[in-house]
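Two complexes are shown next, each including chain A; its partner changes from chain B in the first to chain C in the second.
Presenting the complex of A and B:
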């Protein structure tokens, strides 16, 4: 009986696989483009942050609307799976790949696989760690954007120091250092801090690995060991709720103007950051121009596929900008998070 | 002489009876019985996989293209290697959760030895910097013997971790789940600690060939390694007394002990072999990705145990075998 049950379960699993193999009806035709149907594989890491969710939505919707067939590949943060999925896609006669790599090293490996198969590849938002292989990389100038944001935070810190004569204790939530974006953001942070080193104590680095649970545990430990932390830069906006959950019980989640306010900044420009800036909890955030990046990525891959370019090699830089309490009126709707929020 | 003759007659009679019985059974077998036999066969998964594969062909003809088949198999070779090791532990009625961390730790340790260069800005903060690795690479950088030596080092480390697991399970009767969970957590974090979560790049081209290269453009190197380990596993279980001991220990450890089976040594062997296989799988995974990665096997637990169980190995121990259809 047990064996029969096991057999039935196994059959059910196999049947599910079989059904899963059925080709999903793709949106084709009805598009605005007259060109032949191109098949684009879109490999992404996960959809954990608002930035990735929005990027995924814009890329897939635009491609489908234009009449292209999209093969979506979610590797759930696993580099090995990302390589396997892209290799699978390469056997399906695809015309191009857009990839959000797990990290910069994986971008190098997957680029090599695409180059071997003569398929053009666009690396979106997370650049490869080396220039081996040919790809089109669309990436924000993370160091400059982070520096501009932290410059504004340092201005606020200076004003506070002049008022209290007490040095501030800065803290940075560092992303996964396998990701060049995380390194660049960290460099931008230090470049700004070093301009006014005299008003700060030693910087406290909190590793997050781009994971909210890891960030929570490490930030809790850091705040316990250093209760004076009053200046936090988060390398990604998606960690603001994590910061709130750690500092709120300590009475430090306060609006600008309150003496317990922690000078707070981030980078990405998502809707949560936009809301927190509006409410006065966050001083500023670096904004990646998501619309510019997705548009450039789509344009690049479609052009390469239509022109038969198999190994285009180019870096497209998104200059980014800092949205702060100082320029909020002027630049509020330039931030993709606010624009998406308003649309919804 | 009489006895021999009698014995011969009995054997002959038995043989005849056997033939007779077989013939009788064959006559009586209905379609239902044949179907039932197929469904309850230990090769059921294999039959089902073939049926599934054939059914999909008309809908997705690309599935039988050479490139797709090679790609699918290349994704599965390292998993097969690791699952063979897991099968040995499952046959004991145990489980080896530490295989995933063995993959990570051996991936890092093996590749740092052979890497040709390390970026000082990234690796200077790692505990390996200065005494084991430097800007000019690891200790085996640019050495002709780097690849075999480093792979052997990976296999040795994996086996030692397996022996450690097996020792505590066998000697102290600790639950395998707990022992291997602890080693999994420890070695996973140890691997991250060693490189501070950084990936190891700059590996020799020859190592890359292990993951992507072909002999004569047809047979992948990874396939040869995977099939070799599968055959070793099959040989141990099917041809050696050790194999019988493993089944016996998994089916009833007390009875095996009473019967003279060295159950402790058998247990340690199975965990050691599991660690060995995990390290071999790690070599293939690392070569495919062309990097050493501390979190390499992190998400593979279900794939590994699933492959072994779907291949017919019982989680309760004492039942199962090493075969190629662990793969699906």
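Presenting the complex of A and C:
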């Protein structure tokens, strides 16, 4: 009986694999044009936020539409797996790599592997931690975008301070300390706060590790220890529902204009943030220009592959912008979250 | 002398609780607001879901098994519940039941592979960990699932001033403790964990026990996931990732042996609360974020080390008691047969005793 079950299980697994392979062949053979024979490996980590989901969709859809063969590699957040998968892909005669690295160090390691195999590589949105090796890095200027957003929040804080003469207590939800984007966003936050240091008490830092449950627990502790927190900057928009869970029971999830409103800002520009800005709960968010970043990444890898450049080295910066209550009408549809939401 | 020994034993027995109090007071000294009831309630609230999953994993650890799939089960259950409610417009209760059923399905697969196919628990649950998350991301296409107000409001609901999540945590902890200590099936879990072969000879159905523990573990992971989501308000693709390690840490910190056969629900509850208390305390004190993981790891290491020292001394104290009993003429009949190799023997009373101690007994 046990043998029979094992055989049945093994057969089922084999069948699933075969069906999966058949699907793969059909989809890769079904491209619009067979004249272009470029193969691009697209390595990404888990699609944990709306930003990554949208980026993945735009990159894969555009490449397939253009008739390129795409090898998708999902490393599920594992840095070692990402390197192994790229190494495997490098043995399959690929013409280029686009990668969303798990972290900045992995970007350096994978770049070295790509350089050794003479394959051009684009590092998307998460910059390498060092200049070693040659790659095209497409990255948002996180510090500047965060600073622009917090500048607007500080303006609101100043107006409140002038009205009440009471110092505000700022709080920042910091991302994973291994992610250069998180550090840059933190730096941008402090740069803005320090411009008007006189109206603020000490900054309360809340570690989140980019995890909603950790953010929830730590923010709850921070709010309890400092009930006066009235200014929160979230290093990523995906944490807005978590902030709501913490401050709503305290009666502080209020729209702009209410005396209990917490001055609230984020960064990413996702659909949730767009909705909350529209509703008046969020003051502003830093927007990464997803369309610019994906377009530049695709253009760079295709050009390098077509021109036979094996180790292009360049940094393409997305300046980003802050979408705030002040420029909402003018810039609303420039935010990728709103644009994607409208399409859906 | 006897009183002194008694106090010594009492302290040894309660080292985890004492350490818990010491850490709580130290954080309180540095940040007085930490000592408030609200802060303590907050810590329990935030540790509730890890505690529930920890209790589930403790059942598995008691049988010397392991379940690495609990984080994925949390995700699968919550995502299923969310999708059933938001996409298929099912009533909230039906959606939650659907989520729990998805969790139980993973538990059944784990149990089937471990019991029927004889695949090691580590390998089986490693497989279901990956597969569970893959199914979840396939269902959601990696997109966040927003849960309706009916579920998210549960996270802030209170009964008699006590948050709902804490009440559920308490109910589950008490039920699990009663099950393990008062119900035959529960007590048999310890027997299987201590020695599966002896348990089988004693007439215990090992397969039934293993099936029970893996199903309970999955059930608690599903419930824990939904409780967590009720507080967070959203399920994204990273939800539950790494929670298996927090749950195992809570159980082990609470004295559950990875080798099976030993562990208590109260210990696991204490372990879960302790982990959360350390994290909260560091945020209260606004310790540098780069230093926080180091301090956290240091305290947890100290707790486990002290617990192991306690175990060592408790064993010594108990061995000394056996000698005293024998000197007073209360002979223990030892269940020994054949050769007397260098190992630990068990007296019929259940007390463990080593060979040198046996030889040194003066009747």
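One rule holds for everything that comes next: the second predicted complex is superposed on the first by the 311 of 344 C-alpha atoms of A that agree within 3 Å, B and C clash if a C-alpha of one lies under 4 Å from a C-alpha of the other, contacts with A are read in each partner's own complex, and residues count from 1 in each chain.
The criterion applied here is as follows: a residue touches a chain if its C-beta (ideal position, glycine included) is under 8 Å from a C-beta of that chain, and two chains touch if they have at least 3 such contacts.
Only a predicted model underlies this, so the values are computations on that prediction, with no experimental measurement involved.
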{"item": "Touched partner set for A:316, first chain B, second chain C, both or neither", "value": "neither"}
{"item": "Partner chain in contact with A:241 - chain B first, chain C second, else both or neither", "value": "second"}
{"item": "Touched partner set for A:328, first chain B, second chain C, both or neither", "value": "neither"}
{"item": "Touching partner for A:71 - first (chain B), second (chain C), both, neither", "value": "neither"}
{"item": "Partner chain in contact with A:106 - chain B first, chain C second, else both or neither", "value": "first"}
{"item": "Touching partner for A:256 - first (chain B), second (chain C), both, neither", "value": "neither"}
{"item": "Touched partner set for A:191, first chain B, second chain C, both or neither", "value": "neither"}
{"item": "Contacts of A:174 with chain B and chain C, given as first, second, both or neither", "value": "second"}
{"item": "First (chain B), second (chain C), both or neither touched by A:129", "value": "first"}
{"item": "Footprint overlap on chain A, where chain B in one structure and chain C in the other make contact", "value": "76-77, 177, 207"}
{"item": "In the complex with chain B, residue positions of chain A that touch it", "value": "3-4, 7, 10-11, 13-14, 17-18, 21-23, 76-81, 83-84, 87-88, 90-93, 103, 105-106, 108-109, 112, 129-130, 176-178, 183, 207, 209"}
{"item": "Touching residues on chain A, where the partner in the complex is chain C", "value": "2, 5-6, 9, 46-50, 52-53, 56, 76-77, 174, 177, 202, 204-207, 210-214, 216-218, 220-222, 224-225, 238, 241-242, 244-245, 248-249, 272"}
{"item": "Chain A partner contacts - residues on chain C that touch it in the complex", "value": "31, 33-34, 36, 38-39, 42-43, 45-46, 49, 116-118, 130, 133, 137, 141-144, 146, 152, 155-156, 228, 231-234, 236-239, 241-243, 276, 279-280, 283-284, 286, 289-290, 292"}
{"item": "Touch list for chain B against partner chain A, complex", "value": "39-40, 44-45, 48-49, 52, 55-56, 59-60, 62, 65, 67-68, 71-72, 74-75, 122, 196-199, 201, 285, 288-291, 293, 296, 298-299, 310"}
